[in-house]
Structure formats: C-alpha cells, structure tokens
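Both complexes below contain chain A, partnered by chain B and then by chain C.
Right after this comes the complex of A and B.
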C-alpha cells in the first residue's frame, strides 16, 4: 500500500525503484497512446495523403485538384463561412450565458445554487436528436411558445426553425453544461482570500471581476473556447435537423458528399480542411495546458 | 494490504467484465441470426419486426431473424459493398437479406454473381409478382408506395385541391407560405416532387429517363428546366424557400397546421392518419396529368449469405397472401404481387385506388446528379434572413 500511495518514499528509494516506476507508467500510458496512434493519428495522415496523391495511369502522383475545387467553389465556401459564423456566434453566446452562471455557482452558497447547478447540467443528459425534435415542438412554427403567446394575445415568434439560428440555439443549449462545468472548475482556482481582500480594500463588483477574477481564469476560458469551437464546428445532428437546406454546415455537407455523391476524395478533402481549422484551436488548448504545467513546476 | 489486494481484484473484475461486455459484438457474425438490413423509415422496420417476423416464426420456430436499420440507401450500399468484398472468400458478409435495395447500386455486383437470381433459384411465389413491377431477376419487388399530396381539408376543399401540375403551382403561388417539400436526398416524398418537376420540364414523359441513359451532357440538357420551375416556386414556399429535412418533418409541419399542403408517401400518411398524428380532416390527392413518382421496394439476397436457405424461406413468406394483404392494411402500401393474389375482400375495398401505373424514376447516377444539382441550383435560391 505504502509505495503506491506516497511518492515521497519512492524518491528516497533510489534509482532502481524509480526506473521501475517509470516503466510502469510508460506501460500504463502505452495502451491509450497506441489507440490514439492507430485510431486517430494514422487516419489523419492517411486522409491527408489520400487527398494529395491520386492514382493515375503511371502510378501515384501529387495533385491539389480537390483543394483547388473546394476553394474555387462558391457553394462550398459559403458552407465553410456559415460553419465559421455559427461557431463564432455560439461561442459568444455560450460565454455570455455561462460566465455569469459559473460566477454565480462559484460564489453562491445557498440552496438555490444547487438547483441552478442541476438545471445547468440537465442538457448533458438529453441526446441531441431528442433535443432537435423538442425544439421544433417548442420554438418551431405553431409550437409551444407560439401557443402561449397566442393565448395571451401576442403575435407569433419569427421561428428560427430551418434558418441558421435554429442550430445556433440548439448548439448553445447543448453546450451549456460542459462550458459551465469547465468555467466553474477554472473559478475554483480563484481563492476566496483574494476576493475577500479585494473587497476589504473597497473593490466594487466590476473591479473584482476585471482585476481579480478574469486574470486568473484566462486559461480556463481559453480551454473552454477551444473545446466548444471543436465541438460545434463538427456538429451534425442539430444543423441537419434544424438548419436550412443551404448553406449547409460542414458536418451535413461532408456526409452528403460522402454518401450521396459517393465522392469520397472530396469528402475527405472537406474533412481535412475542417480538421486544419479545428487543429488551430486545438493548438490553443495544448499551449495553455503546457503553460499551466510549466507554471506549476 | 487488504486494500491493495481488493483494488487489484477490482481491476481484474473490471477488465473481465469489460471483455464479457465486448463479447457479443465480436460474436455478432456467427450467432446463427439471419440479418435483414433495411434502409427504409421506421414504419417499415416496425412492420418487419412486428408483423413479418412473428408470422414467420409460426411456421419456422427455429429461425432467428434480426432486423438492422442501415439508416438510408447509402447505409445499405456500404453493407452491400461489404458483401461484395466478402464474395469469393470464406468471410461472412454478415447480411442475408437487403430490404429496399437495387443491385445496380453496387457496381459490377450482378456480373460478379453477388445476388441470388430468383428465377433460376425457382423461388416459390415468384409467378405471383406483379409483372409491371419486375425489373431484373436479381431483385424482388415486394411492396410499393406512391407519393401523394396531403392537405388540410379544413382549409382546402376536395374540389379546390389541385389535380394537375399547373393547378398545383397556381395554388402554391396563390397561397404563399403554405407549401413545403423536403430536401430531395433526405426522403422520397420531396425527392419525387423534384422528379415530377423534372418530368414536367421534359414533356411529362417518364420514358425519357432510364437507368442507362444518364450522361453529364444529357443531364445538363434535361435538368436545368426543372431547376427553373422549382426556383420559381421557392418564393411562395414556406418561409420563402425553406425545405424540411425529411418525410417525417414535412408531416409534422402539416400536423402542426404550419403548412396546408405537402407531398407525402402514401404508406406513411396512411399510418400517420391511423395513429392520429394527422387529423381525420386530412385530404389526399394525386395529380391526374402525370402522377407523382412512386416505386416498389425490392428485396435482394446475396449469394454468399450464411443463412441463404432461411433467407429464401423468408422471401417466400413475404410474398404470401398473408403478408401481402397486411402490406395494404397495416402499412398502407401496395402489394408487390398482382392484386389477384391478395385477400378478395381487400381487392374489392381498394378497387378505386388501385393505380393502373405508378411512374417511376431511375436511381443510379441520376440520384447524385439530381440531388446535388438541386442543392446547388434550387436550395440557395434567394437570401433568407
């Protein structure tokens, strides 16, 4: 029991034990790394290679034709812009909704806070297909909201169903729990002492947020942003059911190119372009994690 | 120390249980089940699970059949590709019967001998199949349905309901926002509405389009006329040019009273009516100058199926009077066999609606050309806020 739970004793135990422990660690980590290599890293290189090299009469040759086709095709570019737009709007809405929520959950100590937390986590347990149909029933045309408005004599809402706002609303709702949880975790690092001290020094609420809290959770916010962007960029179900026929988001567009047009090389090209954009946000995340590690050392 | 041991024990137990959990998946192929793959909507997979299979079990108590939803035509294509890849090897294709699939969708599969030739196999009941529905010896039409227009009869009287394409377009323009059809690749009701527009742009002659006569040049000659017709309709559609994402969503919009008229599959709308999803005041009408396309769903059986015998017995049972009559009563579809081979009482009851012919549109390369052409030319139409 002792040697596994306390690292202190191991360090004193000399190099042999240390090496043994390192080996165990490597063994433990080898399974996920191997899986990562097999199921993720290899397919990425495979996909990139498949888009760059085509089999011609005289063997493989290098070609950028699918990329050229994508970036000169107004229809495809429109789809890419829509995806970027939806992602940006969703990320902004999520920050606007979840930051106040996370602040409340972090500092409130009342019973109501527990209820609010439960409610904020609820969307996590609703599958997106069910959410999509539920949204059609509520904010869709002649849906629940319209019925209530009609009952009190107000005009109907301009339904977001089948417009780009449909998936935006769905995706924001769907991503609230993860965003809130990560922000609350980030806020956990803000010590009560610092807040109290600032309050004692006469800091107002806004100053407290601006000078004490925000600087300490910048990292968490970056992580949250990259996570939500990655999730939303590749969303499929909600844009498919709630979104307009055209422009399409990249998820449904890729699926249609692959299965309907049977143009797998073009579909992979779209995937590589999507991946390249997501990888930029992934890099943010990795950088902030690395910075965090260094700061702790 | 005990804690240490028990933690190890726990890890072992967890590993063991996760392996056991993974077992059924690994053993999926060789468990003796006959795998039926369907690419149709849930009303069809429900029909297989709740009507066909229980009936089949009465005479074949030992047979184990599993209905798997492949999602859509593309899903079935992937399964057929797997069977094709397994052909000539010892590998189990893990599929014994495909529902709603035509052999042409897998290139070279007929020549390679992937599909059972029902004539050569001497399938019992083959002589009963409606000759008008037969295409090749490798596929078996077992149920048909057609696309109709469904409308809210409280807002449109039966006399006002459009009976020709011109009347329909006039009605759509006179009632802006009251008509919607779904994206052609997401369901056949909207897909066949788009194909009806293609027929309209080409002299209402379905014979102009065959499986073999597709070429890019011929498509460029025949399709743009239809895009113009459909683009012309867009401003008068729901929300000035919105398209629902499937057959079911169109029915949902009709049931919520959002639109007054929409194309629907005959079987789906009859089921929606019987389940109360649509009110009894829903009217149905078919265009008389040229009907909206329909089609027969076809069964194919791969020759390398592990349970070929049971699969063929199942096919024979599907053609029986019992199942074919239930296709009319339970599914709201048309039988794949000639009407002489269904319950005489049903024949008399449905005498008025038995269609003489249902126009069809070939699949194959036309599918991709029509669907993508629609997305690029019609869907963007006008800017919507």
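Right after this comes the complex of A and C.
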C-alpha cells in the first residue's frame, strides 16, 4: 500500500459548511445585500413599475404614455442629446488630459511628480458649488479673464458660461482627480520591467504607448470611461449652475419636471431612461471585464 | 560577436556611491558572471550596460564604440529580466516577434526567426499560447528567445532564474550555457547564487559595495580567493582567528608556518580541505552530521568554542559527541581583508598531542 503525503493547503476538520462558517459568511453578507435590495434594487423596480402602470378609473393598467411623450417631445430629445454630447466630450477631454498626466505620474522619477500629483488631486477637495462659483467669477461675463483682457486692451471672451461648454469645463475640472487616480492605479499594473523590455526590443515612446502600455491598461480605461459616463450623465449641480437653460442636461431637466411641472411620473420616466442608458454602459463594462477574466482562465 | 569594455564607470543615487570605479573587459563570446550580495551594484552595472541607467563617470564601449549615452532602444544589447517581463496581452510568438516587427522586417522573415528562436529554447510548438499559460521556466525561456531573436551583440541576464525552483534552475542554466556556447554570444550574467556563477561562468566578477573584489575564473575564485570577503562569499569557508609569531600560527590545531609578519591573522580552510578522523582524546567533538547524499557535512566544535564544518565521504561514520582529529590540506592566511599567504600544512596530528 502506498501512502502519499502533501504539504499543500489541505483543510483539516471538514468543509466550511460543516464547521458552521457557511452560516457566518451568509450572515455577514446579508446586511449589505439587504441594504442593496432596499435602497437600490427595490427603488429601480418601483420606478420602472410607476412609469409602466398608471392609475385609471378601472384601477392600474399598463401604459407607455410617458415614454411616448418623452420620445416624441423635441425638447426632451434635445436635452437627451445634449447630455449625451456633454458626456462624450467630457469623456474625451478627460482621457486627453488625464492619460498624459497619469503616464507622467507613473513613470516620472523626479520630485516634481509629487507636486503635480498634489495639484491634480486638489479639485477633489473642492465642492461642486464652490467650483461653479469660481468658474463663473473666472470665465463668466465680466469675470477674471475679461478683466485681465480689458486691462491689456483686448476684447472680452465669448464666455462659455450658460453654453454647453460651461458644464463641460466644470465637469472635466471636477473629474480630473478621480480619473487620474484610476488611470495611475491601472498603470501600476504595467511593470517597469515590461516597459524596459520593450525599450530593449527597440520600442520608442509612441510604440511603447501603443503596443505595451495601452493594451495593458484596457480594463482601467474601461473603468474610467464607465465612471465618467455614469457620473457625468447623472450630474446635477454643475450643469444646473453653469449650463444653458435650454436645452438642459438630464439632471436639471428631471429636477425641473418634478418640482416646477409637478409631473412626478414624467420625472421618473426621465430617470428610468437615464438609468437605462447608464445601465448599457455598465453592462458593457461588466461584459468586457468578464471577457478578459474568461480569456485568462 | 562583440567585446564589452567598462572604463572607470561610477554611479551615485542620492549622493550615495553605488558603483565606485569599475573597469572590466569582457572578451568576445565570453560569459562573465557578476556576483555579489544584495546592494553590491551588480544589477546597476548590468542596467548601465543595457542603457537603463547612465553612469555618472566613465564610459561603456561595445566593440570599441562608446555607447554610454545611447538609449536602450538603440543599443546592440538584449536583456533578460528576473521577472521575465513578458507582455501578457500578447501570445508567445508575438512577444518574441515584437522587436522584429518594430524593425519592419518582412512577415515571413519574422515568422522564420521566431520559429528558430523558440526552437532554440525548446518551445517550438508554443507560439500560439498566451504567456500566462506557461510555467515559470517556460516563461523565462520565452524571455531568452525574445532577447536572442534580435541577435544582440551583448546578452544581459539579470538574475533570470532567481524565481525558479532549484531543479529547474539547474536545468535551465545548463541549457543557457549550451545556447550561449552555440551562438558564441558575449554574455553578462548577474546572479547572487555562487553555485550558478561557478557552474556557468568563464570568469566571475565578485562585487562588494560598488567595488570589484576579484575577477577570476571559477576555479581560481574558489581555490585562490584574493580577499577575505571573496573567501567567505564563494562557497563555504572556516575562519579561525589566531596570531602569527615568528612565522608560525599559534592556533593549537593548525600551527601553519608562513613568511608572514607577526600579528593577528585568520586561517581560512575549506570544509573539503579538512580531513576528519576518530580520536581517543576528545579535544574536538562532533556536534552534528548532515547527510547530503553525495557527501557528509560534519559540524565540529573545537576546544575554544569555534565551530568548523568538514566535508567527509558519505561512507564516513560519525555521531554527535565523537572525538575527532582534524588535518588541513590547504590553508589561506588573511589579515583584515588582505590575503597574506597560502600554505599546505604538514600531515595530520592527533588533537591530543596538539
């Protein structure tokens, strides 16, 4: 008879279930799962149900009337397009600004990098309302920029305040820290040796970025894009304060429909449509991550 | 192939000298191992040759051409990293082909070269695999193939087998030695494993705190260390402190004679240079024996409390507490770091008469 022994991590004393740890685990996760169900899942289904069922003389009946009204209303569609446009432009600007910044922070060895990192993270600690006020005082009509231009005898700028570019500037400024942090974290997965090996093989800066760095931070970029899209799509303060009155972004639009028009069912419909678009981005992100993990198995 | 010359190179980080003043010539087709403890500067030298660090002083020449300030991507060197540094988003073949693609070679030529390189490291059928599907040893072979496919003048290896298990390490270093000999490529190999350096190198360079301690063949390095540091660092060595008086060591067991000025010295004796024999008068006692299969390593406590190691044939029979005699075939005398003399003492004497 042959006996084999192993120094591996064989668990003694039976399974987790038999030891009662299975129940402990379930109890530990039950609180957050219950909260998730109560505060997120239930409101979603509740909101969707409120938009699909309306109370009539014969009781509740199925109706798509609010969706029909939304998608046939030129003003509502303009608001949706503006939101999509602002989101796309912000995402592109954030990538264009934050990727070089993150690359610098990841690979720079100098002390200046620490200072740049501090400056890049500063907007994170500025509340949106203060930021909006600062931008109005700077780039708004008769703001700081205009005063400086006037002092040197130049004409005033065509202020982006109350145009679609107003929220774009504010949202980009507001999102730079988080986007940079996420990209730097993603770039942390690209080892110095991987970069050096590529340089050793003859790769210059552009080839390094294209063939080595970008493919390895694909997941991080997906996370960044998802967070940006989700955050900007549902933004309220900056679009409300800096954006145009018409068309307006979905956040202010929903709030106005709810409070000024007192049409809560329409406001919920706008929220559901916003949620559906955000959920598409979320599903795309989850699918991409799952696909990458599957490929690695 | 190519010659490599380091001329008085020096490097400092934050005001600390990591490399002081190192000069070294590596001949065409030679395999030189840089050996030293952590922080001795061996990897820094390799990285300077590869172009990843720039020396503060001195110059690096490859075939007489000064490459000190040339960027890594333009240097005729190929580097293999300890962590493999393979690109996980590429297949094995793409990893090897990357440098060739950057050089805009025709696709067929690239395929042929990649197949040759993978064949050279025994991974001919692994081209389509992803790198994470390979074992550690296979990944390191891919890294070697990736460096070799570009036909560098100098091959640089930075502790390439450090993350592998002992058996695989021995196997791979034999393969590497075969490949290096077959290609005749000038190679600089960094390791902190003395056995690896002794097994691989044509010459070993021992470094300590940024200085060259000794440059010699493995045989000379082991049998004729020039400094106390090298004697202790390469292989196992017994050091016995004593004084020289009138050309004779006052150590009770090894009163060697040598033309050395009076003063404190250390007698350095390899375990295999010691012969152990049973004795009736127990002035030295066996503390422990360890059977390594090919030999027996016996720890022996001397009367003054010093413990020495002796290598015995596996047939030897010693038990803890046995009284023994010791004789040494070869003794090296050091004062401080400096070697004073090498002597072959007289035949064995009974400890009881010492």
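Observations on the structure shown:
To be clear about the criterion, the second predicted complex is superposed on the first by the 262 of 297 C-alpha atoms of A that agree within 3 Å, B and C clash if a C-alpha of one lies under 4 Å from a C-alpha of the other, contacts with A are read in each partner's own complex, and residues count from 1 in each chain.
In the analysis below, a residue touches a chain if its C-beta (ideal position, glycine included) is under 8 Å from a C-beta of that chain, and two chains touch if they have at least 3 such contacts.
Only a predicted model underlies this, so the values are computations on that prediction, with no experimental measurement involved.
Superposition note: with chain A as the common reference, chain B and chain C can be accommodated side by side.
In the superposed model, A:207 makes contact with chain C only, not with chain B. Measuring from the middle, so to speak, at the Cα centre of chain A, the directions to chain B and chain C differ by 150 degrees in steps of 10.
In the overlay built on the shared chain, the residue A:30 is in contact with neither chain B nor chain C. After overlaying the two complexes on the shared chain, residue contacts for A:194 are found with chain C alone; chain B is out of touch. By the document's definition of touching, neither partner reaches A:54: not chain B, not chain C.
In the superposition on chain A, A:68 makes contact with neither chain B nor chain C. In the superposition on chain A, A:216 contacts chain C only, with no contact to chain B. When chain A is checked against chain B and against chain C, the one touching more of its residues turns out to be B. Closest contact between chain B and chain C, by C-alpha atoms in the overlaid model: 33 Å.
Across the two superposed structures, the residue set of chain A contacted by chain B and also by chain C is empty. Of all the residues in chain A, the ones that touch chain B in their complex are 1, 4, 75, 78, 136, 140-143, 162-163, 240-241, 243-248, 256, 258-262.
Interface of chain C with chain A (complex): residues 50-52, 71-74, 77-79, 81-83, 85-89, 98-99, 102-103, 130, 132, 143, 146-147, 150.
Chain B contributes residues 1, 3-4, 72, 74-75, 77, 183, 185, 239, 242-245, 249, 252-253, 256-258, 367-368, 371-372, 375-376, 379-381, 384-385 to its touches with chain A in the complex. The residues of chain A lying in touch with chain C in their complex are 191, 193-194, 196-204, 207, 211-212, 215-216, 218, 295-296.
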